[in-house]
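Taking it in order: structure first as structure tokens, then the write-up.
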Amino acid sequence: MNAAAVLTQLFAVIVAVAAAPLFLGWVNVCRAWLQNRRAPPLAQPYRTIGKLLHKEAVLAHDVSPLFRFAPYAIFGSMATAAAIIPALGLDLPFARAADAIALVGLFATARVFAALAAMDTGTAFGTLGARREMMLGFLAEPALLMVFFTASLIAGSTELPVIAGTHQSHTLAVHPSLAFAAIAFLMVLLAENARIPVDNPSTHLELTMIHEAMVLEYSARHLALIEWAAALKLFNYACMGFALFLPWGVAVDLASPPVLAGALAVLAAKLLLAGAALALIETVNAKIRIFRAPEFLAFAFMLAVLGLLVRLLVQE
Amino acid sequence: MEILILLALPLGGALLLALAGAHRLAPEANVGFSLATFAVAVLLTVRVIADGPRVCCSEQFFVDPFNVFLVTLTAFVNFTTALFSRRYMRIEEHHGRLGRARLRLYHGMYQLFMFTMLLALLTNNLGLLWVAMEAATLSTVLLVSLYRSAASLEAAWKYFILCGVGIALALFGTILLYFAAERVLGHAGTDALLWTRLDAVKDQLEPTVLAIAFVFLLVGYGTKVGLAPLHNWLPDAHAEGPTPVSAVLSGLLLNVALYAVIRCKVLVEGAIGPELPGRMLMFFGILSVLLAAFMLWRQKDIKRLFAYSSIEHMGIITFAFGMGGAVANFAALLHMTVHSLTKSAIFFAVGHATQKTGSQQMADIRGLLGLSPALGWGLMLGTLAILGMPPFGVFASEFLILTTAMREQPWATPLLLLALGVAFAAVFGRTQEMVLGEHTGRRLPVPPSLLPVFVHLALVLLLGLWIPPFLADWYRLAARMIG
Amino acid sequence: MAEPAVLLNAALVVVAGWLAVGAAGLLRPHATALIARLLFPLGALGSIVLTAVGLAALSAPPATRILPIGLPDLPLHLRLDPLAAFFLFLLGSASTGISVFGAGYFRAGAGTSPGLLCLQYHVFLATMAMVLLADDAYAFMVAWESMALASYFLVTTQHRIGAIRGAGFLYLLLAHVGAIAILLCFGVLQGGSWQFTFDAMRGADLDATRATLAFALALLGFGAKAGLVPLHVWLPEAHPAAPSPVSALMSGVMLKTAAYGLLRVTLDLLPFPLWHWGAALLALGLFSALFGVIFAAVQTDMKRLLAYSSIENLGIVFAGSGLALLFHAERMPLPAALALAATLYHCLNHAMFKSLLFLATGSVLHATGERNLGRLGGLIRRMPWVAWTALVGTLAIAGLPPLNGFVSEWLLLQALLLTPEVPRPFMNMLVPLGASLLALTAALAAYVMVKFYGVIFLGQMREPALADAHDCGRLERLGLLWLALACVLLGLLPAPVLGLLDGVSAELLGASLVHPQASSVWKLVPLSAERASYSPLVFLLGIVALLGASALVATRVYRRRVRRAPPWDCGFPHQDARMQDTAEGFGQPIRHIFAPFFRMHRELPSPLDAVPQYRVTVEDRFWSLLYLPLARLVTRAARLVGGIQQGRIAVYLLYSFLTLLVLLVIVL
Amino acid sequence: MPTMPLSGQYIHLFASVVLLLSFAMLAQRRIRTLIDLFALQGAALVCSTTIVAWTGDQPHLYYSAALTLLLKVIVLPLILYRLIDRLQLRWDTETGLHIPATMLIGLVLVVFAFGLAQPVSRLAGHVTQSTLGIAIAVVMLAFLMMITRRKAVTQVIGFLAMENGLFFAATSTTYGMPMVVELGIALDVLVGVLILGIFFFQIREQFDSLDLHHLERLREE
């Protein structure tokens, strides 16, 4: 591991952390366009975060240190995840410290901290949100894992760079299993990032909210970190999707600036498309009842398992 | 010589106590005689360890590996039971359940019973064996009905009639045996019934006669062993008699009766081969085990519960003898020993438990551990031991029996295990409720005698972890002899 | 490196020492201070020695020894090989923490006296060690059943409570049934040699049918001890009944002896592995795991919740050993070694975090007297030591990186991913399904543990009395810290641990996972670096660095002012602690989604009720489908048998007469 | 068939008498008559034993015969008589089974007993060879009687009749058991009856009756 590698790694993380709110802003802009609304500025998420960071933090009486620690843990987890996911290059040193399974574990860690922090406030909404979040989590997480497994069976590895690299090199190979996996992945993405049809990020309707219920008690810098982490999570999911299903354009070696620039450009293009597609999905769907959400995710889980089976069936 | 002293001591004790049993010190005298008997038995054992088997009185009495340990065991349990009964009977007297006259009867009969059992074990003469068995029945009948309650009378009556008839059948078997022996040994008078003589010529005995004789002997002595379906007297007699009597009935008399069966079986096998007797024993064994296990499930009376458990264990032993072979016989002999020790220990504990709570109904016995920790632990550990929990010795013998059964009689293994499982659930579930929980009960006028319980359990524990070499040798020799 | 024989002797000395410590407790049964200050720490010392012995023996060649006790023809055979050494290490390391905790925890109470408890506790430890050391069937059975007995007495410490007696009875009964099955299994295993030493069994000649029978019996016997569904019913009853250190010992260590036994029989004693054993084990294990975690999610008693979670974890262990067996049968040594390593690793992890959590519940129980989740809450503010150490356990058991629970799950998933290479058409299809079940189980475990931790330690106190709760004592803290530290270390240093496990896989499978060129202390590379790797330390460093950076940014660069205020009441000013989501509430989605698993009774209030009440009880279907019918069957049989004894002497005579006649007819 | 010596014929005669008396006892309802029949059976036994002793030149059988005479013909019936006088028993009205049916079963038993004795008897070299069948039959008939009777006293008489059968077997097939054994047996029988006597009073005291249905309480319900 040399200094250059560390630097590129650092660069990748910084890009992810910096670009994540932008991506979220893009999705919001697209959504507004599709819904015939006036779009908020593209940089609105940055403004929100900045505003929150400057505010005075308000903490509920007798919350434990866990409550204050959680936002950092969540943000840290998401940033680490960004370091693992090969968004720009395949040969990042940190990517080898953890594979796809660890990545899923990382998301789970973030979720558990969020839920615990929500429970720490001891309000009815906090615990309600925690419970719902965990409920979605225990269905989404295995589905995501199955998606990874489908891909890793093709590549013979659970390392994301290896998976992406393998897919890159077999340009024309048709993997029907990946189609199943892709749909499942998309469903997981929607659920995990609190998007319609599972959750609605833009409402505060008590009876249906999930993610917002959990973070109800947070304010100022804590809330800023959480919002940022949420944006980063969406970004990460998008990059994971690219690594699994659209790995083309990710650089094998980021050593030279031109390659780096190319990789950045490809990523930006992919994100633009993905954001628009996400907005489209959110626009054409209606939010489902919270009680139907498990079915939605169970379906995703089934699809992912099916993808795995198809993979094994077609293999012979 | 020791043999004669061994027999004379309890007989003398019986006579003395029959006259002076009402004396204040009669329980102590009872203990004294039992202790002396035990001491002589130990002496005899030591001599046998040193010099090997012996006979005396023109071969009328003998000691061989098969009976030597039973003699010692009998004398030992006899002694500990006497120790236990000293306190127990005092308490009964305090509670007004027994008068002085009854105690005289009790003490006299107790020693007489010991005499008959030792006689049955030591005699070489099958006729005398029969006489001793009958005398054992007669001496215990009055002990069973000691309380003169309706239930105890009924129990004694059933005991008397059923065992009387059984013993009569055994006599018929003995006559047939004699008939067959006469044809080989000539009209030898007394000698024709000597087991050692018969053993020497057993392969020349007439098979048909011996087969019929064995049926009679098996049904006859088997009634006393408590083999199903001849067992019906057993739970009644155990439940209604005084507890020391239940302890010796279960711990000793059943053993002695089984001893008689096995002595006869050895002869019969010599004549007709091991097939038929073995199968019969196994059949009775399995039937007893199964029947007793299911009977245990519905018991309400604590002494009946453990009486059925005795039937179960006699079934196991009988089954093991039926399988035959060195290991199974070894295990059966070991099981006889440990069952005797454990079951009598349990009855000691049960006796005091019923005295404390004033009832034999298990529903009334609660929280012994709180009432008297030693008593509670005694009953708990005894029960666990009898259920075959290691590290107690019962497990050792059951281990050997079950593993041999897997080899010799695979069909029987599931049945045995089913029975053991059911018995475990039945007995342990009830014992737990009696030992643990909130307690009810009263203080006893005399502190209970729990030393015998723990001495017995310690021995059983020892046998589970280590069997002394001389004992193992006896078991091995006897096992080889039994075939 | 010590001589193997010395190690075995050292282990025996520890066993003897434990027995002596126990006996010493009996001398002064009510001297609580003596027992707590002296005897339990002495026991812990023994545990440490045993840990060292296990660690040393992991890489030593097997040592054997014969003691002249036991049956005359079967003296006590002992053997210390890597497999036994691993479990001794587990026993020692977990019990160190538990004993230290126990030193502060046990005190004079209504139940068993401290001295007796000390005896039972140390006998329990000693018998567990003997189970691991035994090298013949008799010694194994004696140790096994004595272990069950000792733990039974520990479970029924508070025997005045009827439910606890019931739990103890059920426990011992199932343990006994299991022991009978194990005995039968040994009976089959000896394979005609009629030698009951394990050595003879290793050399025994078995055909496939007999071997399968032996396997099935072992599964039944050890499954009953491990709480494999449907033999699990005793576990959620017995664990809550026992004092918490005992629950910890039972759940953390005793259940592992079942795993040990199963591995010993399947991989060591049976002459060859068959793939369908592995498949059966995998299926049963996974079902158990899912079943356990689903039931854990709906529990409202904290110890019952942990007990069901133990069913889950043992299910995972069994699934792992099934996988190892499957690979082994298909002659795939490396995957087999990987699965075995995952299994053993999970055993070790579970020993640590489950013990930790049980001990934490013990402290909570002491401080509050409550086991019901509905009456707890907010304890992190009153019991910080317990709460923070329990947090480590919670995160570990939830399988979150970089703690230890994640490592074993990761290894197991890696192993599962190798199943498509199994050259057997059906297996390579079904096993990915297994992977999905495992993933679901792991995710549900996180759900359960969030519920557990959140309801007990976080939020508002649901009862005013909880405000008086006190933190645990110094020794208890030490015990908790020990186990928490173990969770962290096992999570951060998987590569050295895997290296230690190599001795076991070398012994049982003849395969080694350790490649000197690929692995380092920091990096776990089970098969090849291309395939998968995991370096928790780097990982942790990454997280900490990013976390620290964000914290720095948030607090230094911007304002650090903090104001305290009441939580937002959503416009409803009468919020109180009872309005928090409850344990039942947390169970609701699970009850909803997995409805077919449960037998539910709901009491819904009618609109007219003056005091409306809602009650829901969840029962195990296996009770009504399996156990109750069985009990009814036996009762019916007993009634039938009882009918033959109806008091009339004439009838009894008739029995004798008929017996006589029938026998006479037979001999004629 | 070779003609049998006169003594053998006598033995057969008495054997038949014993069997006949067994049947008579099976059919009898009155207790007094039952005791008479029992005494008669004892007498027949004495006769047959004496003849066996004489023909077989077995002096100790004379003692046996004398003992039997004393015990079973004189002492036991007397004790029984006194018992029923003291207890004021007359009838044994209830039998468990219809009497003709009992007789029929008895008949089957006799056939079975003879069949059972056949292979054994063929071995017997002396005059008593076919008496074994009768002895077994007597034992079985006595057994049957015990099963079918409802009163304690009749059950005891059945029991004693069974002993008669045994004694008959012992003397007629084997020239008697060794003397020690015989004495032991006699002692046991005597003690047994004494104990029974005690019992009767205790039972009577307790239940006011000797009906066996009072003694049916201990059972598995």
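Labels for the chains are A, B, C and D, by order of writing; each one numbers its residues from 1.
By definition in this document, contacts are C-beta pairs under 8 Å (C-beta built on N, C-alpha and C of every residue); 3 or more make two chains touch, one makes a residue touch a chain.
The model shown is predicted, which means the values in this text are computed figures rather than measured ones.
S.K.: B-C versus A-C: which has more C-beta pairs touching?
M.R.: Higher contact count goes to A-C.
S.K.: Indicate the whole-number Å distance between the mean C-alpha point of chain A and the mean C-alpha point of chain B.
M.R.: Inter-chain centre distance comes to 78 Å.
S.K.: Cα centroid separation between chain A and chain C, in whole Å?
M.R.: Whole-Å distance between the two chain centres: 35.
S.K.: Quick one: chain B and chain C, Cα centre-to-centre, how many Å?
M.R.: For chain B versus chain C, the centre distance works out to 44 Å.
S.K.: Taking the mean of the CA coordinates per chain, how far is chain C from chain D in Å?
M.R.: 70
S.K.: Going by the touch rule set out above, which residues of chain C reach two or more other chains?
M.R.: Counting only residues that touch two or more other chains, chain C contributes 642, 645, 649, 653, 656, 660, 664.
S.K.: Quick check: what residues of chain A touch more than one other chain, meaning two or more?
M.R.: none
S.K.: Chain D: which residues touch two or more other chains?
M.R.: As it turns out, chain D has residues touching two or more other chains at 116, 119, 143, 146, 155, 215-218, 220.
S.K.: Please list, in label order, each pair of chains that touches.
M.R.: All chain pairs meeting the touch criterion are A-C, B-C, B-D, C-D.
S.K.: In the complex formed with chain C, which residues of chain D make contact?
M.R.: My answer: residues 96, 112, 115-116, 119, 140, 143-144, 146-150, 155, 212-213, 215-221.
S.K.: Residues of chain A touching chain C in their complex?
M.R.: That would be residues 13, 53-62, 64, 66, 72-73, 75-77, 79-80, 83, 94, 96-99, 101-102, 105-106, 108-109, 111-112, 115-116, 119-128, 130-132, 134-135, 137-139, 141-142, 145-146, 149, 152-153, 156-159, 162, 206, 216-217, 220-222, 224-225, 291, 294, 298, 301, 304-305, 308-309, 312-313, 315 of chain A.
S.K.: Of all residues in chain C, which touch chain B in the complex?
M.R.: My answer: residues 68-72, 137-138, 141-146, 149, 156, 159-160, 162, 165, 168-169, 172-173, 176-177, 180, 183-184, 186-188, 190, 194, 196, 634-635, 637-642, 644-645, 649, 652-653, 655-656, 659-660, 663-664, 666-667.
S.K.: Which of the residues in chain C end up touching chain A in this complex?
M.R.: 377-378, 380-381, 387, 391, 395, 398-401, 406, 409-410, 413-414, 417, 420, 428-429, 432-433, 435-436, 439-440, 442-444, 446-447, 449-451, 453-455, 458-460, 523, 529-535, 538-539, 542-544, 546-547, 550-551, 554-555, 557-559, 561-570, 575, 577, 579-581, 585-586, 588-589, 592-593
S.K.: Can you list the chain B residues touching chain D in their complex?
M.R.: Spelled out, the residues of chain B in touch with chain D are 125, 127-128, 130-131, 134-135, 138, 141-142, 145, 148-151, 153-158, 160-161, 164-165, 168-169, 171-172, 174-176, 178-179, 182-183, 187, 189-190, 192-193, 206, 208-209, 212, 235-236, 239-240, 295, 298.
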